[in-house]
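The block underneath contains the structure these notes are about, expressed in structure tokens.
Letters A, B, C and D mark the chains as written, and numbering starts fresh at 1 in each.
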Amino acid sequence: MKLENSFDVPVAPAEAWRVLIDVERVAPCVPGAALTEVVDANTYKGTIKVKLGPVSLAFDGEVSFTERDDDAFTARLAAAGREGRNRGSANADVDFALAANGDGTKVSIVTDLQLAGPIAQYGRSQGVIASVSAEMIDRFAACLKENILDDKSSDAADAETAAAPAPAEPVAAASGISIMLGALKRSICRFMRRLTGKE
Amino acid sequence: MKPPPFSYHRPESLPQTLDFLATLDDPKILAGGQSLMPMMNFRYVMPANIIDINRVAELSTVEETGGALRIGAMARQRDLELSDLVQRRCPLLHEALLNVGHVQTRNRGTIGGSLSHLDPAAEMPAVLHAHDATLHAASKRGTRDIAMADWSQGFMTPNLEPDEILTAITIPCWPEGHGYGFVEFARRHGDFAMAGAAVLLTLDAGGKIDRASVALTGVDNGPVRLPETEAALSGQTPSPDLFESAAAHASSVPGIEDVHATKEYRRKLAVVMTKRALGQALDRAQAGGA
Amino acid sequence: MSWIGSAVPRLEDATLLTGTGKFVDDIHLPNALQAAVVRSTFAHARITGIDAAAALAMPGVYAVFTHADLPEALKTAMPLLVPNPAIRYPVTQHVLASDAVHFVGEAVALVVADDRYIAEDAAELVFVDYEPLPAAGDFREALRPGAAVAHETREDNVAAEFTVGYGETKAAFAEAAHVFGETLFQHRGAGHAMECRTMLASYEAVTDTLTIWANTQSPHQLRDVYCRMTGQADNRVRVIAPDTGGGFGSKVQAYPEHLAIAAAAIALGRPVKYIEDRREHFTATHQERDQFYDVEIAVDGDGRIKAVRGSLIHDCGAHLAWGIITPFISATTLPGPYVVPAYQMKVTGVFTNKVATTPVRGAGRPQAVFAMERLLDRVARELSLDPAEVRRRNFVPADAMPYKVGLTFRDGSPVIYDSGDYPACQEKALTLAGYDAFKERQAAARTEGRHIGIGTASYVEGTGLGPFEGVSVQIMPAGNIIAQTGAAAQGQGHQTMFAQIIADRLGVAPDAVTVIGGETTGVAYGIGTFASRVTANAGPSAHLAAGNLRDKMIKIAAHLLEAAEDDLDLADGRVFVKGVPEMGKSFGEIAVFANGMPGFSMPDGITPGLDDTSYFTPERSTYANGAHVAEVEVDIETGRVSILRYVTAHDCGTIINPMMVEGQVAGGVVHGIGNALFEWMRYDEAAQPVTVNFGEYLLPLATETPAIEQTHMETPTPLNPLGVKGAGEGGTIPAAAAIVSAIENALTPLDVKIAQVPVTPEALLDLIADAEAAR
Amino acid sequence: MAERLEITLTVNGESVTREVPVRLTLADFLRHELELTGTHLGCEHGVCGACTILLDGKTARSCLLLAVQTDGMSVDTVEGMADNGALTPLQQAFIDNHGLQCGFCTPGMLATLTELLDTIPDPSEQEVREWLSGNICRCTGYQGIVDAALDAAKALRGESPAGA
């Protein structure tokens, strides 16, 4: 399953790149995700919780840069996670590429997600797995954009105190977010309350 | 395919049920079990606690109050199918029930279970949406009424907080003799609907369409109303051409894409099912709702 | 009055109707353990580690077996059961995956616990580390250069390549008045008997004897595979197939799990039972998935066939669990009941990272018949001839029998149609279906805006496949008759069939004959129940064995009664002097004598015992045939196809029990309806199965099928003493062809061309839209 | 921590008391606790109908019921149909009309048709087929089962006893 996403930021590629490769900072952008261990500069361990209607999935696994070119601003992040109750696994290759766009940067993210095992075998939910995955990547991209922009504003304000990562609070699963075309009409506050509801 | 371990709780009353919901970790309500048990046998759903509400008698009453049917969440689908009260005051519900699974599953399946499970292809949500029904939820914190229009929050995600249970549904009845039609497309008898239409309509003295309500199932996460279709019908003289053009609006529904069918096909079906349900409803309206 | 030919009520029914049958899972051995299998979640991956510590620590868990824990003898891959020189890479499955997995669902570990619930809990705690590899997901893609390779050790995915044929095809095509080509994709799906695979192994150390109860269609084959791998003496391995809940082909082969639980039972010293559940059946039980035909037909101006040629690609899956039998049968069946002067078919078997394909009811014939009948429908359309007429002009005439087709069947013998009247069979079907009057019915329906259509298809099926199926018949000292055979029944009514044949020979009623099938201790050698072969092989064996006993009893009675053999007759379990019934000996008395009377020497020419085991060995396969007519209605707004009527005319030689033959044909037809319209085993591009439940893999229900109207012909075969042919698969074989032909007919004048089954409503709507656009 | 519960229910007319794990399905309880192995498991996800039994007189999937849920209820299985060997008209009709081949789906078919004939004494073929749409058979093509149901309906109405 291929998912493509891109957005523009009024920031030079090098600065956007600096935020992008800071996995510790960017990880919370993935809905339901939490970083649990930094193995080395290139490899991190973490968990991600997803709720698909009544089905709760929790993956734990590893994320690592398998390719990284700090000059060309391209990188491939390989994620592999096993579902906690041994119901399958998720493997994703996330390709980042930054390109100068005027005095800003175009960030493109191409995700190739492959589920395996029982969680990938319910044909009737294929459509919704695709749309939930797409929704999660959209949210990740939006949050990434926020981070890049925050970084730009905080740079201007005070270079030393980098934004502290959000306090580690229990992560709610990214629920099977409504994929109706009119999804956006849902009020954001109810969404936030849903997300932080008791898991 | 054996169910995973869980703790089993068997409340005898609603208050006891609400206590369990408020205190237990990761609770799941077991009503008819026709949707939950398969997912537990497949180990897709693995709750820590099961609350079996089959002994909570107060949740299975069916009565008429103030021009509406109030149906307990634990009312069995088969009992509703055979109920004279439902046949008289809410014939669309009766008609739709004939398409729900098989007799053996309707004997145990409940209306509340179908609504709380909220399969995108379920028939009950569309019937309730067509009736602008109200769903009653309860938790230790109190009760809450939810319009059917706000019930679906996403794929198999009803508008219920983790500590809430659906207790009853109130379905405003349409006038005596109204037209009703339920037509769905399923590959085999009793299969999941790929698209289904629930229609209610009334005629004025001159035989023109006074009011119409059209809701679809199988084309989105939850049931979908067709306001454009309803508008196109009201005040018009019913005819095949009218129904053809009014039903065409159904092609704007999102549709669901999976290995069995594309969105485009489900949208085409939605149009055809709407047209046929309108025809069924008109015949019945003209025959005085027989 | 002969029992053969009469609709005797089945002897099997009473136990099954009262819930007192004995299926494998109904057997409760003391202190038996239950197994669950940890299965691969990847279609193609290396196994880099297995951690079973948490599982082993769980209360109630006795063992977790992986490849490393198996006895050395069971670490090798399983034997190639049906070799063929055309096979490029004879790869078979390991009992438990060794260093790599090659399809989702492949068995990696066996967990043994007190009960199945705990075993499944523990299986959740067996963590397998996989290194995913690219998977070959589509059998046609898998042939393209650079495609993912199903087996890392190979450079391509070609499992086998061979060509069959005869005659001057090139010349025939060059000179033909017309040449028409078709490309056809066909999916067949799986057998899906209502009972999944079930097995129970018990080892008795003191006698070093292993007993396996399994719902296998080939008890002897399972015994021989175990002995072949372990060197165990075959009289110390007993396989018993008790009551079995349907087979349809997928329970023929010995499976890895059979051997895994045998090893577990021996290692643990306690019986181990494994009951495959339905999700596992969808991923790990053999299917008969996909074939692609690119075929063309050369005909003269009158639509007479000059030649047929083309190519066939067959999805073998990841392992060759039954060699390349299915595509071989397809290629050698395609000429069908027609005179095809020249024929050539190039066959390619392809590896994919999916569970192995093996024959399912029809065994490659439904696809071959579909291809041939599609070509003939094309000829009819192009030359504006009635489809039935095109067939009439090409049938092998009755007086040409025995008819040498020119091909060699898989048993090495020449394909020779032994008997049958194909034109007459089609006429019977057309008459019963009211074919000629259909045009008016179609016109009338059209005025109501309804689209109904009619289609016909004919087929020939090689049945009674050799080499043999033995039956032993014994008269016990108490006078009762016991027949035993290795052939296991899966619902076909073998017990009743054998009893009718034996009863006729011994002058008793069928219920006087006890039949014990499916046990390797019944007869020394056996092949199995598949390919519609049991009645045509074991039937004659029972006939011969009972006949030999008849003669022996007459000889002994003649000695005891001092009467001439010709004056003796049999009835009601006695041998007596004709006309003087009280002068006789009961079967029991004769048996007591035959078993040896101390002090009395055996009369000359009479061997001890009153039993006989016969192995009828047919010279070659016998060919049943049939013609079907389907009448359908198409809802052109939704694409739904409903079957209004279904008529069959069927010839399987001498009919032993007409009621049971009708049951086989009706069941076969409904299986064919499933293949034509409903059944589709779907995978995603990474070869993950995505229709692994009965809500998404659609078996036909009672509401999707009309009454099946049948008529029969009995053209005996000269190849066995009873003249019987096989009847188990005929109903399935032409169904898709007849239904698709009827759908196209229903949509005339639109020129809809259907080249794929199953025909889904969405696909049909698209074809209708294309046809309307093309007008 | 296999949580257990004591239950008392009536099975084929006889009272039964057992302590069972709460997660044990009714099908497994009948088959392995009570060794009433006539009820069969074909899919364990509520579609094939081989596990169909009568719960308080109405058909239900015993693979979708927990044994503990039947505390205080009555369960009737295929073993309880024939009273000591004498087949019911429905069972006899199955023999006369070749309504079974492998017999694995048969107990579920008998349960479904028992409730059908209690509910509709004179069913049409279409009604029989609709009731049977919840029970899958792979062997018979449903032909013999439908004929058996119609035959048994006649016999139960006293028109022409099955097997006459």
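The working rule: a residue touches a chain if its C-beta (ideal position, glycine included) is under 8 Å from a C-beta of that chain, and two chains touch if they have at least 3 such contacts.
None of these values were measured; they are calculated from a predicted model.
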- Based on which chains touch which, give the shortest step count from chain A to chain B. 1
- Query: Among the remaining chains, which ones contact both chain C and chain D?
  - Reply: B
- Query: When the contacting C-beta pairs are counted for A-C and for B-D, which pair yields the higher total?
  - Reply: B-D
- Note on the structure: In terms of mean CA position, the chain most removed from chain D is A
- Could you tell me the distance, in whole angstrom, between the mean C-alpha positions of chain A and chain D? 52
- Query: Using CA atom averages as chain centres, what separation in Å is found between chain B and chain D?
  - Reply: 29
- Item | Whole-Å gap separating chain B and chain C, where each centre is the average of the chain's CA atoms | 44
- Note on the structure: Multi-chain contacts in chain D, i.e. residues touching at least two other chains, fall at 2, 23, 44-45, 130, 133, 135
- So which bits of chain A are touching at least two other chains? 85, 118, 122-124, 126
- Task: Note the residues in chain B that touch 2 or more other chains, in rising order.
- Result: 1-5, 38, 42-43, 188-190, 192, 259-260
- Can you name every pair of chains that touch? A-B, A-C, B-C, B-D, C-D
- Show which residues of chain A lie in contact with chain B when the two form their complex. 51-56, 85, 87, 118, 122-128, 130, 132, 175-181, 186, 194, 197-198
- Message: So in the complex, the part of chain D that touches chain B is made up of which residues?
- Response: 1-3, 5, 22-23, 25, 28, 44-46, 49, 52, 55, 58-61, 63-66, 68-69, 112, 115-116, 130-131, 133-135
- If you look only at chain C, which of its residues touch chain D in the complex? 9-10, 12-23, 25-26, 28, 115, 117, 191-196, 243-246, 248, 275, 277-278, 490-493, 659-660, 662-663, 666-671, 693-695, 699, 701-703, 705, 707-708, 731
- Item | Footprint of chain A on chain C - complex, ascending | 41-43, 104, 123-127, 130, 132, 279, 283, 682, 684, 686, 688-693, 695-696
- Task: Within their complex, state which residues of chain A touch chain C.
- Result: 82, 85-86, 88-89, 91, 114-118, 120-124, 126
